[in-house]
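Shared between the two complexes below is subunit A, which has subunit B as its partner in the first and subunit C in the second.
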Partner chain A sequence: MKDNEHTARPIVEVRGLRKYFESTRGLLRKTVGTVKAVDDVSFTINEGETLALVGESGCGKTTTGRCMIRAVEPTDGKILYSLDNGNPVDITSLSKEAVRRLRRKIRLVFQDPYSSLNPRMTVFQIIAEPLIINKLIKGTGAARDRVAELLRMVRLDPSLMDRYPHAFSGGQRQRIAIARALAPNPRFLIADEPVSALDVSVQAQVLNLLKELQHKLEGLTYLFVAHNLSVVKYQSDRIAIMYVGKIVELAETEQLFTQPLHPYTEALIAAAPEPDPRVARTKKRVVLAGDVANPADPPSGCYFHPRCPYAREICRTTEPELRNLGTPEQPRSVACHFAHELSLQGIQ
Partner chain B sequence: MSFRSIWRKLDNAFYALTERRRTKRQEKLIEKKSGQLEFASQWQLIRWKFARHKLAMFALGVMTMLFLMAIFAEFVAPYNPRAFREDFATAPPQRPRLYCPEEGRWYARPFVYPIVRDFDEDTWAVTFEEDRSEKLFIRLFVRGSTYRLMNIAFLESDLRLFGVEDGVISLMGNDTRGRDLFSRIVFGARISLSVGLLGIAISFVIGIIMGGISGYFGGTVDVVIQRIIEAIKAIPTIPLWMALSVALPIHWPLLRVYFFVVLILSIIGWTGVARVVRGKFLSLRTEDFVKAAELDGASNWRLIWRYMLPSFYSYVIARLTLEVPSMILGETALSFLGLGLQPPAISWGVLLQDAQHVRVMANAPWLLIPGVFVFVAILTFNFVGDGLRDAADPYSNV
Partner chain C sequence: MTDNGNVLTVRNLKTHFFSREGTLKAIDGVDFELKPGEVLGIAGESGCGKSVTAQSILRILPKHGRTVDGEVLLSRNGAAVDLLTLDEEGPEIRRIRGKEIAMIFQEPMTSFSPVHTIGNQIIESIRLHNRGLSKREARARAIDMLHRVGMPNPASTIDEYPFNLSGGMRQRAMIAMALSCGPRVLIADEPTTAVDVTIQAQVLELLKELQGQLGMAVIMITHDLGVIAELADRVLIMYLGKGVEFGTVEQIFHNPLHPYTRGLLASIPKLTRGREVIEPIQGTVPSPYDPLTGCPFNPRCAHRMAGVCDLEMPEVVEVEEGHRVACHLYPKDAQT
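Entry: the complex of A and B
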């Protein structure tokens, strides 16, 4: 939330995170290619804040999120997490048992609520599972009370808890998944495209719910992954734009929309579907040209140059650094050689 | 109006009619189930979905009858399967009738004519003929020779499902030693069907363990197990059986031979199950709900027992049902070739040994009837298996 920014306390600090997937072939497991899914990514998330991670499919957003709970083992880098008492620990060097404990505090909401809920368990069993596994609750009565409370929190009728997931719509299922994530009282939620598998008509409900929960559960922090900017417009405090494993721009939401500094951000803004149909009629919709670069064989120089309308010679040869271009009050960074020259199109 | 357009109109009308009936039926089903569907566990959903499969339901009925027949063989069979009447070797089946042409009248109770033995003066061959002067009425629950049901001492009785008084009934004829073929088929069902079930039970255990290890742990173990499976699959079955049954000592008691045959069949049977289980494990490992449980801190055991196994054992059961026919056929083939069970054991394969000679088959084609039972049993297992396979994933269209 904007108003506690001056008292900002980082909850997670990612430094130089890398995840390389090696593809191997044959019995001898010879490496035939390396996919740099996440390549030197750094950002900080403050307590109670929502940081959005936006980029097209295949940019490494999911991998970044999963590295943060060691669902994927990072290749390199540090992820500093400040414990309840304020002491930082490096998630990448935690023991197995410590990771287990960490995963009660950092929770994941999956993209597709149809595959993330076990169809063979009732809603009660699904939501109570993290509590039971981690022995956070004793007795069925207490568990049912807690599940009822969680269901009310995500605005579902607690009397439905003995039904199976197939009795629910996509939006309702995602609420169930959110309730499961909230069960052990987490501090940090990684929502990996929580609405992109849902019908447009119910997306707003789930987005509002997430916002509402953040108000209600003070200090709940979100890393909100999305592949289009319109979803995170009213959701996030800051936005990190990711392209082929790297962050190319990071700024406060308003600043990023009104005054993008990276051509990729501009393109994403132009391509974002307008949620308001009245405005949508007057706006011309731009479809992003070309495909995301292949992370197994990225282009030389700036990865975005083959699709960039402003590309010049230097873009083909030299990779731009992520530079700090903001003020101390409003820090922002961008990785483009011409960030200070181009005047790119944003929206109000 | 051309014939073609009339035809199309008719066709459309018919389609619309049946379509409407179909949707109506579905609506009714949904109406009936609404309020239950939300609470239905996977097994209830599977049952409902299976019940919509008419052919599979019918096959399930036939299968149930076959199994009841095998379990209560002593009661269903009118005679002891080992009792023989040498004089009546290869006597033909008696046809149950309701109409008597001599008297020109119908009877409410079915009857058979007794068979009498005759001697052809010209060819010196024994012939059998119906004696039309006498009728043997078929009655339910008649008293016959005493037996002990499933060899259990206190279940001694002489009550038979059906039979005739003062005479002999042989609905499927007699075998080459004058034993009632129907009674023998009923008893043969015991071994032939139980071989299938016991065989898949063993296949199931081996298959799930091997497939589970292969799919869950992967790596080198997986490679080794997969190569073993390929090797077993590459062995031609008949030579393998021959080799194995040569190793079978001649003095072994019947029961031991029986288990040995089952084991031989399972050695091949488990590979199919292991493949299915492995594939399911591999695909489930990456399934989001399994991943979610793993992140919740679930142990390996919990993941396997609570998340992975329940997600696929319906498939495995369907797959196993489809595996039964090859077991039954395997037993039949082994016994038929004289490599498996031998007389005095009674199984459908053993019974078919009688039908090996062309001369016998020409004179007594009813000796092939055990083959019909094999055929029917295999079809029912296939139909039921098909229905189960379709119903095994109840979440595909609810």
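Entry: the complex of A and C
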């Protein structure tokens, strides 16, 4: 939330997270290269806020989210999660059993509600499963009451709980997935592109539902992984922009959009198609040349320099650090050698 | 038949799919006209029939689909041929496909064969439509086309296989192939949905530029109203197989009439300053198999008039010049 800067309590602190994938070849699986999918990523998420991870395909946003519940084993780094009693634990050093217990509190919602729900289970079974596995509820009656309550929470008719997923549309399935995620009363939800597979007219329903739930369930925190800038702007309090495994800019939503500090952020804002012909036809276009860098063979220096219209000599040789350019009240960070002198264009 | 200066006129198009589960009315009454050199955007959600519209025009429907009614008039030398009357596999439609009306797809890998180089495939299409052109001449033209779509080192890239190219480059190669025979109409079916935003911006800029240079008309099929706002001159909004509103891009975005168009515009977040509120459309798109009488949007419509909207399909009414809508809120007799 906007107004809790004084009371902001971090729920998760990610420090120097790395995930390298080895690419192998041949029978002996000889390592031929390393893909740095996530490369030294650090950020903090405060209780009750929505932080978005944004970037193009292959930038490492999904892998970052998965590392946070050890669905993918991180190569290096710390993920400090503050428990209900306020004590921090490092998720990366927990035992398998402890991770399993933690997955009650940290939940995932996936992109495609057609493949994330088991077609052979009824809605009741799908939503009650995390309750039963974690022994959070006893007896079918109590389970049905809880599932009914969860279905009402996501605005679905509880009388439909004995039907199978195929009877539901994409938007309704995503509500079922959200109800399942919320079943064990989590504190932290990682939503990985939760609306990209849905129809335009239904996306808004799910976005508004997520907002409403955060309002209702006090302290519910979101990590929102997405590529669509307008959706992210609508949904998040702060935004981290990722490019080839690294965070290049992290700022409060309004600030990021009105005064971007990284050239990549500027380009993303300019590239987002605006559903207003008057705006779309007058806005300044920065069309980036070339493709996203290959994470298996990234360029030297700043990974963005081959596409950057402002690149100079130092960008080719030296990698810029993510540094704080904000005020103590409004921290913001950017990884660009010239962030302080470029005057980049945001939204008008 | 006259062509009224339109390069393509689609009248009352109906395409149905026949299967054991019943008849699926994928398109059930679509009308639009395309003027030479303009961009027509067709927008709608999945299942609204926008892609089937393109397939019906080119007569490339899947086996169980059939166009049961309507006209697709392509103007040729002042006269018009109805593409629906041509033999689906006859020589005439084959001369039109690729030569006069070309198409690009969402996933470039579907338009290229993986076992031939992009050059050979572009050259094949050039020579098919230009008999008498030597291989060497066709190759020169293909290289020129690759150059025009911004392919780096076209003279060597021409001998690459599609899988060696990045997503953006493949998209460019596909556009080069589609434009290699100088079509008068280009149908682009979700050309930027599978690529990243920065690549999407490149492809849209490229299409704009080429359209200006070559003067072809474009039908841009997309679910992204942002893409429509950037490119289209006129817009057709489709819902459940029906064209519900048609007008200039200004009319559609700044004076939308149909409750569905209004709902769509209100439900997408925009990149404007400050916090905004988005209003979702209630409910979901019903299954096209479900029987639905009256206006297809009536179960979700906030302005639904019981006894009218759920019984009768509204007629298409021209509310202002060039702005047509099919909705009972705009009754025919109110017009003069």
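The rule is simple: the second predicted complex is superposed on the first by the 330 of 348 C-alpha atoms of A that agree within 3 Å, B and C clash if a C-alpha of one lies under 4 Å from a C-alpha of the other, contacts with A are read in each partner's own complex, and residues count from 1 in each chain.
The rule we apply is simple: a residue touches a chain if its C-beta (ideal position, glycine included) is under 8 Å from a C-beta of that chain, and two chains touch if they have at least 3 such contacts.
All of these numbers come straight from a predicted model, not from anything done at the bench.
Using the contact criterion defined above for the overlaid structures, shared-chain residue A:Gly65 touches neither subunit B nor subunit C, since it reaches no partner. Residue contacts after overlaying the shared chain place A:Arg120 against subunit B, while subunit C stays out of touching range.
Shared-chain residue A:Arg100: touches subunit B; no touch with subunit C. Of the two partner chains placed around the shared chain by superposition, neither subunit B nor subunit C is touched by A:Gly301. With both complexes placed on chain A, subunit A has more residues touched by C than by the other of subunit B and subunit C.
Contacts of A:Gly48 after superposition on the shared chain: neither subunit B nor subunit C is touched. Applying the stated contact rule after C-alpha superposition, one finds that A:Gly245 touches neither subunit B nor subunit C. The residues of subunit A shared by its contacts with subunit B and with subunit C come to none at all. Residue ranges on subunit C touching subunit A, taken from their complex, read 45-46, 166-169, 196-202, 204-205, 223-230, 249-250, 253-254, 263-265, 267-274, 276, 278-281, 284-285. Within the complex formed with subunit C, the subunit A residues making contact are 56-57, 169-172, 199-205, 207-208, 227, 229-231, 233-235, 254, 257-258, 267-281, 285, 287-289, 291-292, 307, 347-348.
Of all residues in subunit A, those touching subunit B in their complex are 27, 69, 71, 100, 103-104, 107-108, 110-112, 115-121, 129-130, 133-134, 160, 162-164, 166-167, 177, 180.
Residues of subunit B touching subunit A in their complex: 37-42, 223, 287-289, 291-298, 302, 306-307, 310-311, 395, 398.
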